[in-house]
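Here the structure comes first, spelled out in structure tokens, and everything after it is commentary.
Should a chain be cited, it is by its letter among A, B, C and D, assigned in written order, with residues numbered from 1 in that chain.
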């Protein structure tokens, strides 16, 4: 009897889970693959969205949990959290004996996954290399590429870049972005069929969102976390002045997210924000439904670049966090400046909805990826291609 | 008053020290630079050559020591040792507050230095990127490149490769290899002026090396450490049969080095090797003198590729460890096979000495590097150049 | 010239600082002693009171900071945080080379201090051994005693117990509790001379406390952190019903403190608590002034047992957290039951103030301790005394 | 159906395994118990005896391996190795979910086991508390007692001491020492039935031991590891001069064992020791057989105190390492002085064999312990008993 190929996926944060959910499901479904699911980092922590709970509710079985988030408000924490990730994950891999490990994108702790796998000669698969963002994520992403043996990228430009960096084209695959798979069943005319406040609680006033609403999702910029509070204030000012009902999502854990979070808390205490409601986390499908029916997304989340392009939803993208990512026609780029943000939102309020844009795949990336992982060779050694 | 720029160099192994010795000295001499010297890993451990002792004897002041070598005989140790390096070095950098950190080449734990620095937004300088070797070092070296802001490379080809990988040409400098600086005062006709056994002890028989001798320096191949013992046996067989006086240097600490070490010990117990003497460590200058007067170097050390090219000394390079490194005319490449090794050595015994080859610099790299570090910008953020 | 004896004190939490503040000051003043001050754990974290800021404002120079708090909501975090403490502190002690290390009381991470010191043969001084509380603190405290060479205890009973445990009476000193030194200038009739809300902000309604007020300080019970939310609810119910102005202090970081904190937050959203104001931290002197003028302290803080006895302030002590600590006549012990708590508070509202009780020292413990540390032998080895 | 009680035993060194081997076997045999076996520390390392191999050869199934030995030649290593033990074991216990954890005796890293268990509210069983030795082991042993809930001690005096330290007599059991169980089938007149050199290899000359032989087993003293080399030289001198065939066992890993080991290696190179043979490890049964037929044991191993008493074998006990352990009439205590050691050995050479002494149990401790663990309550909280 043939044993299945064991693919170990390490999920370290709420947004990473959304990105790979359909990959996980497709691996489980694939006849020759077996999923080993490891949950680590902020994905285990309630105040950052309790992703583990969502995963369990979605029916995924967790093979190992890794507690590694250090509680400090400075950059040292990122290094030490990564150190702890290596320490624990090297043990986890030693015991699970996967045939390959999959590391996701570019969060700082993902390099911990990559080291723990590659140093133990386990074939390493990297999801979403070849993109450009311009901060510590940039360094982490490309370092992941250099440790990885197999590359699953999200767009043509990303594919080109990974190959240019000297990776073997035979192991670079443009699969589209699996986070869009969740959006593939949502058509432009799908209507919102639930009340987000009733379903998710959160804090803030009760809102009437039937006449349109904004969504805000703004994270600190990694290399400028000391400006996190100033950055968030610009957006808060805009939202306060516009008085349009707004659904606001809390940021991820990161050096600086406390600046962002405390900025929001402080602002709420000072000002009347009773047209705003704050959420911590949401089942991805519900989030996409909300996005699909919103006036626009405001902030610096990658959702504005990818999901919004796919759904045909307008996005005001603030700052440099998404710099270098390929953009569809749905995006207006602005700086962390109140006036620029406000002008862009107002422009969107009165404009037509852009069409769908398949820049990042067609919504079946999970299956494409499982298919690839089921049939390719899994090397754990490589050489620069020039 | 202008304060000096603080350059923190992390030395983690005996051969890394030899590589940067003149860089350290040149930084100290430079009027605008201050050296912060951190010693870690196997450089602190007696049975791997006690590099710390040599450094102190050379007059260097150590700013911090980091104990991070885990004692295990498997690949997990490499991951965990790197984890410990991050944990400790992030603290060290937090306290020393360097203006830039220099990480050396491609040993697995150097990625720990790179993460601890780059995650804390400290400009990272990488020495000797852009080379090709074909095992875990390959992955580590290029991941270091991707985390680093400034690149000091050793040859034209290396320069080309680092730029091709998407690094900003403005921050890539071909400085030559500083390990050759130590060799710059040794002319082809410089005679051996000391007795290595009298000076360094070591184990094995007393030897008459006045009529010619071989040098062996063979490390385990990282991705094949289970073959370490078999690999070393091939070389041991050759040396036993040739009966030429031989100076043999113990390997570095690495997964697999115990296979190599125990292979040697076992062999010594079984066979008569009384024309061989074993050494642990040697002041680099003395090692170079020995090299300069030897028949040839046998093994897989980078010394065969660099130092031997510069000195004009013949080298039998075994296996894949140095694959992809540019070679001078002094090298014969062979496999881990007794016959091939023996044939190459015998060919060398009767051949002329090749001339000097400046492929890896002219012997003043330390000064060149200090000069660069004294005048360039020190960024800590970058973006892929395509 | 005689060098000073270096005493290294490791402060890991806000309440630990309050406990040793006068010890630190007395060591600095002592002609033969030099203070090495290390700050670690939750003492470095804003949301647990930012003790480091208070210490710096008080003029103390910090010699090293140790980031070691793992962010997890389960008991594993306590073990891992302690592991990180050992890792970092062993380095800190290695570099600071103290003549003795002082570890404080019984928080779980203090055992990290004790291991890092005793395993490196550094004489270990333990403050406040010999007490009884009945949860994980109990185990930690006595394990600290067993690793320590010198014992500074707070009461006669504690002295007896430490000696009974087999420690050498020659190295057991009843110094009283230094936390009371801060209270030594506050007389029973000293009036409140500041407005706590104006000075410290905090959250909640503005209060008129001129006609009397309660203070609440309730931490989770370590071995029952799953009940933390239920426990805090009982107290919240009492406060809500009594409608007496109340100053409420947030709990320390501990497994379970999130249960306590979230219980409080949730309750505030559901109920009208506009006679309650919440504080994070306070300069100890101000806290003592507030205590001195309150109707009573409610909760399970050791302040009810020690400071309140010394000041002559009434205290409702809830649950088992302070079990086994010697009590003055100022305390009523109750269970985590609304009725019992309420009854005790009401009894206090109408009763006379008890007199001062010198059970835990006379308010000059800091000086007594510095004097002892300046003159005794500092052994680092010992043997059970039976 | 009743599930079995899961008892997790953590073995961290070769001698610890010998101590608990029959406990492990008895737990497996007990109808209501299930064994969870964790192997850590030097028990995983070849050059310290490869205990893991012996355990597997004995048929034990290992549930988890924990790599935590730091390679450093100073005391910091002991603290960091313990830190790593906590880090890893807290994970292991989190996943294995044992009903109780058993920690063995007093090696420094055993405190890591104790913290990982007790901080997670897992009932902790301590084997061999209440003894006295007078170095860091002394502190570790009693700290283990203070973290433990259940105490299995080896002698009446140990029982008395643990109770005196304030432990609840209800949870203190004098079970005898299980290491003696292995000796229970060896009668005084059992003859040696194998050739140790043929069976175990080792290094050194071939010996004729038919006319009597000595056994040496000498470890460094923890608090004086800088004297390790001097200490071992005294013994080496005695053995060299006596010229009696000698079987010598290498020391455990410990700060200082490198002093001991290198002392031995150096001595062998300088002197002719062709009546001595060196062994790394041995199946315990074979070791006991050798002991039973030897002239005497020389060194500072606990085997001289326990196994030798039980078997009725003479022992020269050197130095302070076994101070405070109850002694039978088979022991002569001497200092690390050549003359004293030699005199004691010569006295033994010509004396009668002492009788068996049941000071440390009757050879059925494993069964007694399993029986206790099967029936008692398993608390995880306690309070000082005075």
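One rule holds for everything that comes next: a contact is a pair of C-beta atoms (placed from the backbone, for glycine too) under 8 Å apart; a residue touches a chain by one contact, two chains touch by 3 or more.
Quick caveat, the model's predicted, so the values are computed rather than measured.
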Chains in simultaneous contact with chain C and chain D: A, B
Chain whose average C-alpha position is farthest from chain D's own: A
Cα-centroid distance, chain A relative to chain B, in whole angstrom: 40
Interchain centroid distance [CA atoms averaged], chain B/chain C, Å: 53
In chain C, residues with contacts to at least two other chains: 76, 80, 84, 87, 91, 94
Overall pattern in which the protein chains touch one another (line/ring/star/complete/other): complete
Footprint of chain B on chain D - complex, ascending: 44-46, 67-74, 76-77, 80, 84, 203, 253, 258, 269
Touching residues (chain side chain B, partner chain A) in the complex: 75-76, 78-80, 82-84, 86-87, 90-91, 94, 108, 111-112, 115-116, 118-121, 132, 134-136, 138-140, 142-143, 145-147, 161, 164-166, 223, 323-324, 380-384, 386
Chain B-facing residues of chain C, complex: 64-65, 87-88, 91, 94-95
